[in-house]
Amino acid sequence: MKPLKVAVIGGGSTYTPELVDGFIRYYEELPIESIYLQDTDTNRLEIVGGLARRMLARIGVRLCTTTDRAEALHGADFVVTQLRVGGMAARALDERIPLDYGVIGQETTGPGGFAKALRTVPVMLEIARDVSQLAPQAWLINFTNPSGLITEAILRHTDVKAVGLCNVPINMVRTIAQALEVDPSRIELDYVGLNHLSWARRVWLDGEDVTARLLETAALWHGEFSPTLLQQWGMVPNYYLRYFVHTNHVLEEQQNGPQTRAEYLQEVEAELLRLYQDPNLNEKPTLLETRGGAFYSTAAVELIRAIAQDRREVHIVNVQNGSAMPDLPPESVVEVPAVISKSGPHPLAAGPLPASIRGLVVS
Amino acid sequence: MKPLKVAVIGGGSTYTPELVDGFIRYYEELPIESIYLQDTDTNRLEIVGGLARRMLARIGVRLCTTTDRAEALHGADFVVTQLRVGGMAARALDERIPLDYGVIGQETTGPGGFAKALRTVPVMLEIARDVSQLAPQAWLINFTNPSGLITEAILRHTDVKAVGLCNVPINMVRTIAQALEVDPSRIELDYVGLNHLSWARRVWLDGEDVTARLLETAALWHGEFSPTLLQQWGMVPNYYLRYFVHTNHVLEEQQNGPQTRAEYLQEVEAELLRLYQDPNLNEKPTLLETRGGAFYSTAAVELIRAIAQDRREVHIVNVQNGSAMPDLPPESVVEVPAVISKSGPHPLAAGPLPASIRGLVVS
Amino acid sequence: MKPLKVAVIGGGSTYTPELVDGFIRYYEELPIESIYLQDTDTNRLEIVGGLARRMLARIGVRLCTTTDRAEALHGADFVVTQLRVGGMAARALDERIPLDYGVIGQETTGPGGFAKALRTVPVMLEIARDVSQLAPQAWLINFTNPSGLITEAILRHTDVKAVGLCNVPINMVRTIAQALEVDPSRIELDYVGLNHLSWARRVWLDGEDVTARLLETAALWHGEFSPTLLQQWGMVPNYYLRYFVHTNHVLEEQQNGPQTRAEYLQEVEAELLRLYQDPNLNEKPTLLETRGGAFYSTAAVELIRAIAQDRREVHIVNVQNGSAMPDLPPESVVEVPAVISKSGPHPLAAGPLPASIRGLVVS
Amino acid sequence: MKPLKVAVIGGGSTYTPELVDGFIRYYEELPIESIYLQDTDTNRLEIVGGLARRMLARIGVRLCTTTDRAEALHGADFVVTQLRVGGMAARALDERIPLDYGVIGQETTGPGGFAKALRTVPVMLEIARDVSQLAPQAWLINFTNPSGLITEAILRHTDVKAVGLCNVPINMVRTIAQALEVDPSRIELDYVGLNHLSWARRVWLDGEDVTARLLETAALWHGEFSPTLLQQWGMVPNYYLRYFVHTNHVLEEQQNGPQTRAEYLQEVEAELLRLYQDPNLNEKPTLLETRGGAFYSTAAVELIRAIAQDRREVHIVNVQNGSAMPDLPPESVVEVPAVISKSGPHPLAAGPLPASIRGLVVS
């Protein structure tokens, strides 16, 4: 396999060292020739690029930084998009404005998520059209939120091969594995829904159905879902569902909280960028873990590996529905298990949604 | 992983050395503790069992022969069914009688296939009910024809975990790989249909669509399908489709042929059984390849390995439809790619059938 | 056509004179032989039956009152069910209790509607089973709320030919006709949904689409729906939808209102029963119009006429879904236009629901 | 209602006196102002127009003949299309050529029907585009074969309001009524399929299911269908199904017959035109009944009346599928019962096809 060129759009993100760390961990199995970090913020690009370059030095992968999208994309094998239109300041507004109207403020759901989609889709379509021109063979791995909507826009309006990725599924597997005290590789999920509106209908441990047992494992839930609701669903919800089902409770939390998530992250990011500038730092700092996006790099690099090596493994990704979820139109993008091969993601047949969640999902 | 007990119902089949050969080839990866050959024909059981025992001697796997189905099934991890109700003599009638009425005589399709189903389903349901009692955790790997109908009967009328297997898909991959002069592992199929009524809608080589190129590869077809039909379909048909689409031609061939397939195979089998009795023979004889069922053992043992080791690999198998092929009822058994894990086969979403084959498949 | 026997279960209802009035108005076209009023409340039966008897005297139809359900049902051609399990006192609780929990209290929707369903379904199934025994040829016209759920229970669990009726559709036609100042017969509706959760997707006047014009006709709405919502829907909602979409507003109204609807109706009913006792009264009093259920008798008698005379007219009724609304299971009961013939109601194909209401309807 | 202008494209057809007779029979209920006969064959136009004018004289309807399509269409309320591209000579080829290849020759099915569609669709689209320009409010009633395909082409490629009509459904009702010795109005059909590929799934007489009884009524079938097949279907087939199910038998009949249907009809038409020229003839001659198309005018005029008067009656017509038959795409044209109103035809929900005919219909 020829060594790969990877372009990271929004490469000045404080996430980037996490992604770079992933490429380093998998380097023996998945040789990379070069990583291009592209961003519009030259200051962040310099700081984050500096750390990334120091990290990659030991394995000899070339790291280039550029503000020129065309340079980054040209001939790339994989394009990872992790940008944030308007930066953390815009997210702060998405989370703050709805609260004034008595509605939950959240980055990817509700009015905040919709505002984010409105300002992000046009930019992502421009990027996708560049990919189509400059790297027509490339796969676009989208990590930009709202990941499902963005991926759907790209698949409907361009010919780019795009897959949407979110770290919710990989984290769900890991959280469940921890609760059961087993290795995550022994867990299999029957997972269904839309990005941030999804459930594991069934959970298997070594092929045995452990869903009912899990739903009673209080430790798994940190009180985020009422036991009655969990019993009614009979399915394992992802964390974001609390915004949909315990709306009043979450709203109260947010209205009484000292700051929004974005306000908090602005402080974390400032501190991260300060740390990244240390010329002696050549690995991702521990503080990065509090930034969110845990296991993001594992999910992304394993997905890239599956495509590049035509591995035909199952990953839970955001993919064009086709007939996977017959309750939704074929052109929708859904978050389901799919076989990942070099020919693309092939979703498993999920079948009709349970009545208990159907209305919420198709709305 | 604990060593496995495998029960082979119809173990006196001349195929058995092929299957045993498979278990030997994969032994390092898939340790077997014991193989039970069960059959109602004690003569065949002695001859075939003798060869199987000599073959297995070098890896130390225990081989038992028995006419007692309960003994074979009790506590088995996998049950392979490869029996033939009425033996080759019944098949000869299935192939001969329709010819007298101006209809193709064929073992698995048309009136011959239906006659075979009628006499086989009740026997297979009895076996499945025994499995349910004596080896409730076992997976039943059905190789008995008509494989789709038999598997559907078991899945609809018992609680046994059954998967239907046919060597058509694995042979299609290998034939295509030969025509393209590449390793079969580089070929991926978008395969859809029913057992012996199936097509590869798309063929990928290293992720690239090579379907159109293949359809023009005359060498692949041996003149079995008209180029016009291949162009219209735009899909790679399996061999058996000639019985459905070139009916008059095949009928003429059969009516003018010197003997039916069963009549020919009766001679082959007699010769095989003669060879098997040679006490110095401890591997499968080359003649067995002419028997049909090529790569049967590879398909079967790789499927067993995928289940036993929860590998979540894609195999093309006969599986309950669910929503995989929305043109057919959920309880139908269809032949499609499925992710094979310890929790069972999970079919990929095949979506609506192309109009050119829809009527034939749903009839 | 042989003269019909009509049984009214819950015949002591204050609605009954309305229904009787309908039979009188249509008598020439639809000859009735006898009407049996059955009720468990002998006092009401006597009062209401007395008035009904005086009303029917002039056309010579026999009116019988009885507490014996079997007597009423035996050999009936049509059975009209309009009972209220627990009476108006139970309804008052359905409307009052939810208010204490900050939820709308309503007779047919929300927790109040569900409570009503829970206590009514078993009684209705008993009645339906009696119909199945004593009047197997009869059609059961259900007017008991929640009309959709009750009809679904009967159709799923008995073999009785039941149709659910509600006066919302007929009133929607009349309200629209008034707003357009035309005769109701010139209005045609493309109506879709569930009982009390329904919309006219399109409204035609003499075959011309006037939906957009209607949505701007402020007079039609009495401020019950926000103009923005009406524009988004692009469909004419039924009155009950305000409980689903303007929840906070309605809740506030209810919490600040002087009394619940049931409390108000208890007063109206007391007054009605007082009036009914006047031996000189032989027609329905005007006060009955404030009771609700306007045009109930027109809807019911026209439906009975359509069945009895095999007229194959379109009525909007609650009927088994089949494939009419593909977003809902076939065994659901939906409220849609159906051709009414002697062989039963045959729903028109409504097709997929608009995305704007799909989630609400399938929940 | 304002008096109607009706344009008949292909008005020189020998059918025209039949259609004109229908308008006369229904004149009191459905006042017509003028009928325009348009044709490219001036000779036929003169002969047929002459008879039509004499027939209409007694009711005072104006009859115009023209070769100018624009003149005929301009401002028409209804456009009836009954043309035959290539005339009877082309039909003779459609019926004769397939016989040379051992295939049934038939005007509306098989290769003959397909050839007819290929040469007719472009002409009909031109006509429909003229209607769209010159009579945008008009309804196009298509009687040109193959009626389903033609109607589908118009509905997919123009904005004309078209309904396809065939006399098979009305004849089926009448044949059944005759067999049962009852008035046709007492018969109701659950009818499903495509034009000339259709069945009555259920037949009701006064609301009672008489399907099973009918299937045993030998007199109904004239030996056209085998009793075994009728029992298997459990449905009443239309006459044309014999071309699909008793193929060998029909082929033999055709190959041994003295002349094709077209060849026979050419003789009939010559005789009809000779009769039409008689200046004393002012009604349709009895010979016309042997021409086929019985009750064509009843079906056509009743359909026009239902639309013009917004009657919302059920007619069995060729209409855009939508969700009526979920086994076929929404844009297909199917032959099913539909409510006919001024807003258009609204098909009833037919639901999934029985397995016994599904493959044939969706092919």
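In this document, chain identifiers A, B, C and D correspond to the written order of the chains, with residue numbering beginning at 1 in each.
Just so we're on the same page, contacts are C-beta pairs under 8 Å (C-beta built on N, C-alpha and C of every residue); 3 or more make two chains touch, one makes a residue touch a chain.
Note that this is a predicted model, so its numbers are computed, not measured.
**Q** Any chance you could name the chains that touch chain A and chain C both?
**A** Both-contact set = empty.
**Q** Looking at C-alpha means, what's the farthest chain from chain B?
**A** Greatest centre separation from chain B goes to chain C.
**Q** Just the number, please: Cα centre separation of chain B and chain C in whole Å.
**A** Roughly 59 Å, centre to centre.
**Q** So how far apart, in whole Å, are chain C and chain D when each is placed at the average of its C-alpha atoms?
**A** Centre-to-centre distance between chain C and chain D: 41 Å.
**Q** What is the distance in Å between the mean C-alpha positions of chain B and chain D?
**A** 50
**Q** Which residues of chain C are in contact with two or more other chains?
**A** If we look for residues of chain C contacting two or more partner chains, we find none.
**Q** Is the way these chains touch best called a line, a ring, a star, complete, or other?
**A** Contact pattern: a closed ring, each chain touching exactly two others.
**Q** Which of the chains are touching one another, listed as pairs?
**A** A-B, A-C, B-D, C-D
**Q** So in the complex, which bits of chain D are touching chain B?
**A** 358-363
**Q** In their shared complex, at which residues does chain B touch chain A?
**A** Listed in rising order, the residues of chain B that touch chain A are 186, 188, 190, 202, 204, 206-209, 307, 310, 312-314, 322-324, 326, 330, 337, 339, 341-344, 346-352.
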